[in-house]
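Before we start, here is the structure in question, set down as C-alpha cells.
Labels run A, B and C following the written order; every chain starts at residue 1.
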C-alpha cells in the first residue's frame, strides 16, 4: 500500500515512456510465459502418465485380479478396495462434516471463540497425511483393537477429509442468499426449521460436490491407509455383510506404494496402468464435482 | 417437532465443538505414543584387552583375539536373548600364538566371590534399567609363555557406542593388583577418555586355578543423568541409525533435510505460482481463465504417489542425463529431484490460493493506479503485489506446509540416506544437492512397518510425528494470521 | 440416479461375496512375493479357500500374531523370546515352521577379476574399512557398495550376521529393492552388492562371488547344496508362525506350502526349498 504514494510522480519524457512501455510488455510477456510454463508442466505430467498408462488399460485390466505373481492380469481388487474406502469415508464424514459446517456458519457466531475454532480446523486441514496414518495406527488399529482393516482405514480417511468438508459446508451455507433466510423468518420459521427447510436444501449441491471433491483427494493419498487398511494381495472373495469392515482391503495407492517397495516385481506397464487408473479415479471424481458445481450455480443463479 | 429441533441443534453444537477439537485429540494421541521413546534402558559397551608391551599402536582391543566385551542392554535389531552365549575363558595352556595375554570376566560383582572355574570371555551381556548401576569385574593375566616385563591394558568403546550420550557415569578402575605386584591404582573416567592404554607390570598365571589371583579391573556404570535427559540429548544428536546395536535416534539430519527440500521446492515454486496467479487474475481473458482455474484445481488433485512415480521414471533419469556429469550426480534419486517434484506439487496450491488473494484486492486500487498513468506491468509490480503481499506470503506458507509433510514423493525420490548435511563450502552444498537424503515423513512411513510396536524406536517415530505435526500447525497458523483470511487445503 | 448407482454397487459387492474361508498371512516384506505366489497358486488348487497376504514387515506380522489377528505370521527372523512370552500371555502359543531357505549372494560386476572373498573381507568392505579392490587382491579400483534400505529385513539380517552389528560404511548406497542392486552393480565396474541368489543368476554383467566362511578355508559358492547343507555362510530360514499346531484350512494350506508343489514355487521365486526336490 505504502508504495502507491511513491509511484505517483511520473515525469513525461518520451524516451522514458517508451522504455517503460517496453519494460511493461516484457513483464506481461514474461508473466504469461511463466504461467503457461507452469500450467504446461503439470498438464504435461498428466499427459505423460496418460500416454504411458493407456496401453496397459483395457476392460480386462480393470475387471480381473492380478495373476502370475503380479506380473500379469489386472487390478480389479485394488479398484474395488479404493471404491469401498471412499464410500466408507463418505458415510462417516458426511454427518460429522456437515453438522460441523452448520455449526461454524450459523451457530458459532463471529466471536474470538469462533476464530479459535476456525484456526483449529484450519490446522487440521494443514496436517500432513502421514500424521493421520500415525494417529489411525495408534488409536484405531492398536488402542481400539480394530487391527488393520477397512473400518480403521475409513475412519482415518474420514478424519483426513473432515476439515475440507467442514469448510465447504460452511461456505455453501454462507452463500445461501440473505433474502431466502429473511423470507423464511417472515414465514415464522424457527432457527432450526430455517436451517432444515431453507438453508440446507439450498446449500446441498455445494456441500455434496465439496464432499466428493475432498474424498476424491483422500482416495489418492497413500500414507493414511499404509498402516491402517492396506493389503498386498488376496485370493477368494470379500466376506459378506458387516464382516467386510474387519478385513483389510487392497487399494490403488497402497498397491503403488508397496509395488515401489518391492521394486521390479510389478512390470512397468502395469505400474503405469495403475498410476493412470488412480489418477483418473481421482480426476474424474473431481471433474464430475466441478461440472455439477458449475451447473448448479448456473441453475440457481442467485 | 420441537424436540426434533432441539435434537438437531444439540447435535450441531456437539459435533461442531468435537470437530474443532479433533486436532487437539490427534496431537494428544500422537504425542502420547511418543512416550515410548523415553525408555529407561540404555545400551553401553566397552572392549577390554591385554596387549603385549611391544604391540604396535594400531592393534586395538577390537582386533585383539582375547578381548572381553562388556555390554549392557545392547539389543541390536535382533533380540538380546538370541545372543546370550557365554564363552568360558580359555585355560592357561590353550592360549596360543603370540597373544599370551587374556582378560576374563566373571559373573560376580563381589571381589571375594571370584572363582577360577567361573571365568568368561567375550560377549557378556546384561539387561538393566538406568536407575540401577552396574559393576563388572574383569580379570587380567598372562600365560606362562609370556616373556616380557610389562603388558598393556587397552580399552575402547564397542563399535557404534558413543559414551558421551550415555546417562551413566562410566569408570574403569583397578580394584586389585596381584599379590606382590606394585602398581599405582587408577580410576579412569570413560566419558572423558573413551579409549586408551595403560602399561602394567606383567603378571603370569601358572595354572588355571591361579587365574583368579590376577589383576581385577572393574567397569562401573552409575546412574548419572536421568533417562529423560539422556533420551533428549540423543534426540538432538546428529545421527539417525535406529537399527544399530547402540541405536541412534538423532532427528536433526531428518529435520534439516526436510527443511532443506521444502525451502528449495518453494524457491522453485513461488515465482512460477505467483506468475501463474497474476496471469490468471490480471492478464488472462475471462474465457481462458474460466478454463485455466479449474484445470489448475484438477492438477492439484493428482495423487502424490503418481507424481512420485513420474519423478522416478522421467525426472530422475532426465536430470541425471543433463546434469549428472556437471554436478557429479551419482543417482537421479537425490535432494534436487525431490525438490523439483515437490515444487510441482506446490505450484497449483500456491497459485490457486494466490489467485484468490489477488481477487480480494479492491478494484479501486487498480483503477487509481491506472488513472495515475502507470502501465499494467507497473501496476502489477508496484501496486498489486505490495497490496497482496501478506496474502501471497500466506499462500506460500500453505504450500510450504503441504510440501513439508509430503510423504510419497520424498519416499520415492530422496534416495533414503539419513546423514547430516554439511553446508560449510560451496562444494559441500553441491554435494548435498545431488546427494541421497531422507526426510521426516518418509522415515515415519518407511520404518513404521518394521518396528516392534511400543518399542523405543516406535516411540521415536511418533516423536518425529510430533515434530512434523507441530511444525506444520505452526506454519499454517502463521499463514492464517498473516493472511487474515480463511485458507485451507486446496 | 446417484442413489441407485450406489445401491447397485453395494449390492454387487455383497452378492459377489460368497467365499466362506479366508486365511490371513501377514508379515515379512522379504517373503511378500513368495506369500503372494503361494496364495495365487493355492487358489488354483483349492478355489474355495481364500488367502489374504499383507506385508509391512516381520514385526508387523509378529505383532498381529501376538494380538491374535492373523492366522499365519510370516517372518524372516525367528521370534524373540520376549515376543513369544507376550504372545503366550495373550493366549497364543507360537509354533515355528520353517518354510524356505534364503541364501544371500555377494555380487560384483562381471568385469571384476576377483575370484572369492572371505566373510571378514565382506564385512570390512561394507563397514568401509576396505575401500579399494586392490586391498583384497583385485585391481586398483574403488569399491562402490550397494545395500538394501533400512525398511527391509534383509538389511537387518546382513547387518547382524555379516557386519556383526557394526555400522555401515559412509559410502554405502541404500536402494529400495534387490532388483535395483542388480541393476546398479551391473552398471558400476567397482560395484558390490548382496541379495537373494535368484536376482543375480544368469545375468552376463554380474558375477556371484564364492565366500570363505573363515580365513584359510575354501571359498564356497551359494548354490543349492551348499546353502542347504549350511556350508555357505550367509543364509537364513524363512518362517511361518501359527497359534499352536495348525488346524483345518490353515493346516491344509501349510501342508501344501511344504509339499513339493509349494516348495517348487519357493525355488521359482528365488529361495531354496527345505529339501531337495
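Going forward, a contact is a pair of C-beta atoms (placed from the backbone, for glycine too) under 8 Å apart; a residue touches a chain by one contact, two chains touch by 3 or more.
None of these values were measured; they are calculated from a predicted model.
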Chain contact graph, described as a line, ring, star, complete graph or other shape: complete
Innermost chain, where centres are averages of C-alpha coordinates: B
Geometric centre distance via CA averages, chain B-chain A, whole Å: 32
Whole-Å gap between the CA centroids of chain A and chain C: 37
Between chain B and chain C, centroid-to-centroid distance (C-alpha), Å: 26
Junction residues of chain A - those touching two or more other chains: 227, 260
Residue numbers of chain B (touch at least two other chains): 449, 453
Per-residue overlap in chain C, given as positions that touch at least 2 other chains: 29, 55-56, 151, 175-176
Contact footprint of chain A on chain C as seen in their complex: 6, 9-10, 13-14, 16-19, 21-22, 29, 32-33, 35-37, 39-40, 42-43, 49-56, 64, 67, 69, 151, 175-180, 269
Contact set on chain B toward chain A in their complex: 5, 8-9, 11-13, 15-24, 26, 29-30, 32-33, 271-273, 275-276, 278-280, 283-284, 292, 294-299, 301-310, 312-314, 344, 347-348, 351, 365, 368-369, 372-378, 380-383, 386-387, 398, 401-402, 404-408, 411-412, 441, 444-445, 448-449, 453, 461-462, 465, 468-469, 472-473, 475-477, 479-480, 486-489
Of all residues in chain C, those that touch chain B in their complex: 29, 55-60, 62-63, 77-78, 80-83, 149-153, 155-156, 159-160, 165-167, 173-176
Sites on chain A touched by chain C in the complex: 67-70, 80, 83-84, 87, 145, 147-148, 227, 230-241, 244, 247-248, 258, 260-265
Interfacial residue positions of chain B with respect to chain C in the complex: 76-82, 159-160, 241-245, 330-331, 415-417, 436, 446-447, 449-453
